[in-house]
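Letters are used for the chains, namely A, B, C, D and E, taken in the order the chains are written, and counting of residues starts over at 1 for each.
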Amino acid sequence: MMKLDKDQIRMVIALFVVAAIAAILLATTDIITREPIAAAQKAALRQALQQVLPEHANDPQNDKITLANNNTVAVIYPAKDSAGHIAGLAWEVVAPDGYSGSIRILVGVRPDGSVFAIRVTRHQETPGLGDGIVKNHAWLASFVGQSLGSRIWKVKKDGGDFDQFTGATITPRAVVKAVKGALEFFKQQKTAIFARLASAKMNHQAGGAHE
Amino acid sequence: MPAMFRNIAQRLGMMAHSFPGGVHPDQHKLTGASPIEVCELAPVHILPMKQHIGAPCSPLVTVGDKVLRGQKIAKSEGYVSVPVHAPTSGTVVKIEEHPIAHPSGMGMASIFIETDGDDAVDQTLEPITDWQNTDPAVLRERARMCGLAGLGGAVFPTFIKLVRDKRFPIETVILNGVECEPYLTSDHRLMAEYADEILTGLHMIRHMVGASSSLIAIEDNKPEAIAAMREALANAGDLDNVRVVVLPTRYPQGGEKQLIYSLTGLEIPAGKLPMHIGIVCQNVATTKALHDAILLGKPLSERVVTLSGDALPDPANLLVRIGTPVRRLFARQGLDDFIGLQIVHGGPMMGERLKGPDIPVVKSTNGLLALGSDAMSAAHTVEQPCIRCGHCSEACPVSLVPNLLADQCRSDQFEKAEDYQLFDCIECGCCSYVCPSNIPLVHYFRYGKGQIALGRREQAFAEASRTRSESRDARIEREKAEKAARRSRVRKTHPPKADANQSSPPAKAADATANSGATADSTPEEKQ
Amino acid sequence: MNKSEIFADGFWHNNTIFAQLLGMCPLLGVTTSAENGFWMGAATLLVLTGSNLVVSMVRGVIPKNVRIPSYITIIAAFVTIVGMAMNAWMHEMYLILGLFIPLIVVNCAILGRAEAFASKNSVSDALMDAIGVGLGFTFALVLLGGVRELFGQGEFFGFNVFGESYPDVLMFILPPGAFIALGFILAAINLINRSIASRAESRAQADALSKDIPATVEAQ
Amino acid sequence: MSLIMLSSPHAHGGDSIRMMMFTVILALLPASLFSVYLFGWLSVLIIVTCMLTALLTEAACLKLMQRPLSALLDNSAALTGLFLALTLPATTPWWMAVVGSIFAIVLGKQVYGGLGHNIFNPALSARVILLISFPLNMTTWIIPMSIHMGAVTPTVNLYDFSQCLTLFFGGVNALPAVIAQGLDAISMASPLGQVKTQATLGVPVGQALAAYHYNVLDAFLGFEAGSIGETSALALLIGGIFLLARHSITWHIPFAYLGTVALLSAIFSSIAPDQFTPPMFHLFAGGLMLCAFFMATDPVSSPVTPNGQIVFGIGCGIITWSIRSFGGYPEGAMFSVLLMNCAVPLIDHYFRPRVYGHAKEKGDS
Amino acid sequence: MTGLLYALASLGAFALVAGLILAIAQKAFHIEGDPMVDKIDALLPQTQCGQCGYPGCKPYATAVAAGEEEVNHCVPGGERTMLQIADLMGVEPKTVEQEAAAPRLAFVREDECIGCTLCIKACPVDAIIGAPKQYHTIIADHCTGCELCVEPCPVDCIDMVTKPELLEHWSWPLPDTKRSQLAHERREQHAGHV
């Protein structure tokens, strides 16, 4: 083993001290910002949920349930009216086949299985082309009220009922497919979801009683 | 597939091989049918001390000397060199610098001979009539003594090529009667009028180098020359030994490398000479001169010059004494006023443009052209940007990529240019000729070659200086050491006195001696 | 150099983008709009200020051999802090710039200032330098973002400039547009610099002349 | 007599840039005329606008850079304008033609230093800029000669100058509503686009082409959707042969290019006919002919040496076929030429011919 | 609080390890020696003129390689040599203040020479021949034009003359076209700017 002389020991110590100070600073910042970050994230989600759920009296984020099915995990946010009836449900689906990467879509459905509204929450589609899925409100509106049976869930080019934007087919196709998947998921899992919601409510009430 | 075609073509005798590239410039052979006229003697002949490739000569005569025609007036200084002879009898009137056909316009030491009109001939050299039985070495010495150099334009000393070397046995002698440059017809007329002499010259060369076969290459635009050579062959009954090969006209077929490829399909490896692949190539005019030197004992003192050009009223082929001022020749053919004209020494493709008509005819003068501004301006209009059309690389007979080379030369990237084989360029001018952007490509290559040569010279000089400087330092060091050793010896035998004043002067002296350089050994202090 | 010279040098003469062509990754990545450029610039400015201050403070203490790892640690700490703060209080902008914020660590402009300036100068000079360089960087980002937004979408900071019928020119929004726009901006900057230089030169000449005249008069 | 040093040669063959460029313009005449036949006044308007804008932009650039305006006479700017025009769809609005031509001259040519210095083919780079900037307009095709197609709805009469003028300068909205709607009716996908879309849906090639009523003869003659100058393989072939005969181009690039595309498509379509289109389809579809004879052979941006040109052509062929078969865009000819343009200095360096007297070195070919 | 500890522990440990590795590397990869001197010396024109303030080219090369001297002091080498050295050393080029004159040669007016050998001692490349009390002659092919012999001469019989231009050494200049002029200007600009 080589012997380190004074200079080199100084090197090691200096590096250690710098790292230690950095660690303290970072940890402190983390402690300070942890809550605001959580709050900001919640607020962002709330804003998005506001758009895809009917008017509700509850906080959908508080009433969320997690539904594990096969290998997918869906976090479902319910909207309840003042009477506590379920007015709508929202969850996020992922369209993996976007033009550049996957697209995350928040789908809001009514209890009858029709779409209340959809919003794209994250995507990397070509600006000006594929990002019509965010900006093109008329196109987004064409989903409203549609259910599995009311439409052929394909873009027009493929013989369906949904417009593609000129020049971009892949992105709308991916979104339509994902929303259709979401509706199918809902159809299959409807009873399970409602059952879970009911039990969650009970738990919640029970928990609330304890508090 | 091309190989198949080539075989068929070969069998048909149409062409042997085809070198890449080349161009077909307008022939302008205005003087193809003009017989060679003998030009009158000039009042003064001017003879530059170097008319060949190699080392310059030094004068053997002084001002006031009388000379005879054919008398050696300058001797060669080096192996690659041939002497200069007086073109006619007369008096040496001065020896001074005079412009020559060189692009720099610089002059060269020249001997001026005032003609006395007698044209008396120096008879020192005996004709060698029985050359068949003469030792080739003797004939070779004769070629050197008579100042023979390649008259096709390259003026490489002829005797060097006419050598028997066991390592490189010569099989084929090629007579170059291609004359592919536009305008020029001197070789053409020489073949048409002196076919027998040329044929004899060819046999002399064969005898000297020991070749078994020979070819006479002539382009198909000289039917008269072809007929004359064939007739001479038939008369001599030489049809089996010597073959006239008619080549389709294409520039630069007359280039040695291109001609050898055209005839044999062989390439001369880079850095080698034709003799390394068993070939000797001689120009027809040189061959005729060899004939004269051996059989008539005549040193090289005259040559055929084509005077032509679109601005010359009366184009002609002239038999001119070397040293005749060019201005006189043009005047003879009706041109006195050179305003607006360009005078070119040699052909339009490779010749040098002259800065003025005040130069003498030299051994390399195969043609003198007076070109009207139209013809010239087409070649020298404003350079436009290269559009990389690739016509230059298509035209290049040695398969270079001229446009890239020119870029490299222009931007002083000489290492790269060398890597792109700049030095294989034969400066034939095909690239510039076809360039739609009128880029003076050859000019850039010449610039590049010059700069590289300059760099090498500087490098060599710096290297030599370094060595000299280092050896000087080493010597000084050594002398210092020797001095110290001697001093310590002296001190041992004569221990120094305590007095400091006495010990210091010798020390100083020793230092001075140590610094004294080349003559240190002989400085007074040293001798004590 | 006095403070204003330090500032001018960092902001203009040695501008990270226009003169040194450093920090291209954030430049080309986030400048699809002027606003993105502004906030990215602001984040960089914060990090740069922090790192320059700290590096200048510890400049006598850190041994030469470990200065780069130390500086990087300091920079990384500041970047993470800025990232966290942005996430907490500017969540929306964080979602847009989030990917590029951690990359500020390897923005050679920042390490470059730490190494070339802060480690050799006083704390106050280093602070001035950080402000100059940071503002210069922000200016460049806003300029490029503005040009791309203007020509790409006909807007500037979100305000419509060319009217509704302006067609989106996707090239300016896509990466190639960043390169092309930057090229033209650099050309313009060079043009400005050249005219400044020539004006300065002519002024200097005029000064020299006015000085010369009395001298020659005296000589006569 | 001037004292300027002039090197030999003192003769010149008489070729000039001007004539070379003019020859190419002449060679494009059949394609241009045929485009007028197919797309009527729209084609005339596009060509004239592009050429004029290109010339004006070039003049402005020359002025700005204090170069002699006489360089306009070398015909290169006009040629660039014409090239660009021929790669545009018939429904291109005036501002796109103008912007494209300005891009071509400024970004494609002058920023590199002007004629002879551009790395990329100026017209093609401008076309790609237009394609990525305005993808909608650049991929909207109309049925050629729609007037003869017996369109049921009333639509733009391509041979009516005033209608074309309104469409070109005013856009669709300036036309009467009925006619504007009719424009939708005559818009259609290009054969390449059709195959690409169907392929993503898993429809076999044969079926997709049958649905499109694809016909090799029509494609060869040019009666199919596409940019105004690229549809007719025949007209382009005539121009290409003219160029070959005039020695403006050599056979190396077009033959290597077309040959590679044909070979690759022949091999793959015989292995998997449902996935890959046959050679005849490839050769006559899209901009391949235009690129092979005119764009890839653009002297400035293509290799100088014959060996290099063959490599260049093969590279273009591979990239074109790959983009068409696997890429996101239906057409790859233009991209392939631009991509290979980047490689030209390398190709020039590595595929130099063997110099006389030098033995063949390793790595040379 | 645990977060803080974790941060401290992980970063600190990493810094320690990295510091140790660096320290060891510094010991292991320490290099000495400098082949740079010869490389620089090869670039110098070897006039041994001493205009750089050093007794010869090699000492100057040594000083430059050691970083003790600027790269712009070789007057005969001029801009080109400066650029080459700057490139080799990887330092910023500097302008060469003095412009090198056209290459010159020393020439002894023999009838005035007193044969003192002082110039012979001064010549760094042994280009002067002669003996005491004999005329000295300068070998033109060896003279580097350094002018070191001019000053020592007690009778001022040494002139610096322009090097004669030789026909064999003549080379073509760049063509006199706009384009090549432009290229030339750009080269100079480039050299001046870098």
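Definition applied: contacts are C-beta pairs under 8 Å (C-beta built on N, C-alpha and C of every residue); 3 or more make two chains touch, one makes a residue touch a chain.
Just so it is clear, the model here is predicted, and its values are computed rather than measured.
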Note to self: For chain A and chain C, which third chains touch each of them?
What the structure shows: D, E
Next item on the list: State the pair of chains with the top count of C-beta pairs in contact.
Entry: B-D
Check: Based on CA centres, what chain would you say lies at the far end from chain A?
Finding: B
Margin query: Need the central chain here, defined by C-alpha centroid distance to the all-chain C-alpha centroid.
Written below: D
Margin query: Averaging over Cα atoms per chain, report the distance between chain A and chain D in Å.
Written below: 46
Checklist line | For chain A paired with chain B, centre-to-centre distance based on mean C-alpha positions, whole Å | finding: 87
Next item on the list: Would you mind pulling out the distance in Å between where the CA atoms of chain B average out and where those of chain C do?
Entry: 64
Note to self: Centroid from C-alpha atoms only, then distance chain A to chain E, rounded to Å. What do you get?
What the structure shows: 69
Item checked: Where chain B touches two or more other chains, by residue -> 103, 384-385, 440, 443, 446
Next item on the list: Pull out every residue in chain E that's touching 2 or more other chains.
Entry: 11, 15, 18-19, 22-23, 26, 172-173, 175
Margin query: At least two partner chains per residue is the criterion; list those residues in chain C.
Written below: 65-66, 69, 73, 170, 174
Next item on the list: For this structure, give each pair of chains that are touching.
Entry: A-C, A-D, A-E, B-D, B-E, C-D, C-E, D-E
Check: Once bound in the complex, which stretches of chain C touch chain E?
Finding: 65-66, 69, 73
Note to self: Residue numbers of chain D touching chain E in their complex, please.
What the structure shows: 4-5, 7
Note to self: Looking at the complex, which residues from chain E come into contact with chain B?
What the structure shows: 41, 44-48, 56-57, 117, 120-132, 142, 144, 165, 167, 169-175, 177-180, 183, 187
Next item on the list: Could you pull out which chain A residues touch chain C in their complex?
Entry: 7, 10-11, 14-15, 18-19, 21-22, 25-26, 29-30, 33, 36-37, 40-41, 43-44, 126-129
Checklist line | Interfacial residue positions of chain B with respect to chain D in the complex | finding: 19-20, 23, 25-26, 103, 105, 182, 257, 261, 267-272, 338-339, 341-342, 344, 346, 348-353, 355-356, 369, 371, 375-376, 378-380, 384-391, 393-394, 397-401, 403-404, 420-421, 424, 427, 429, 432-438, 440, 442-443, 446
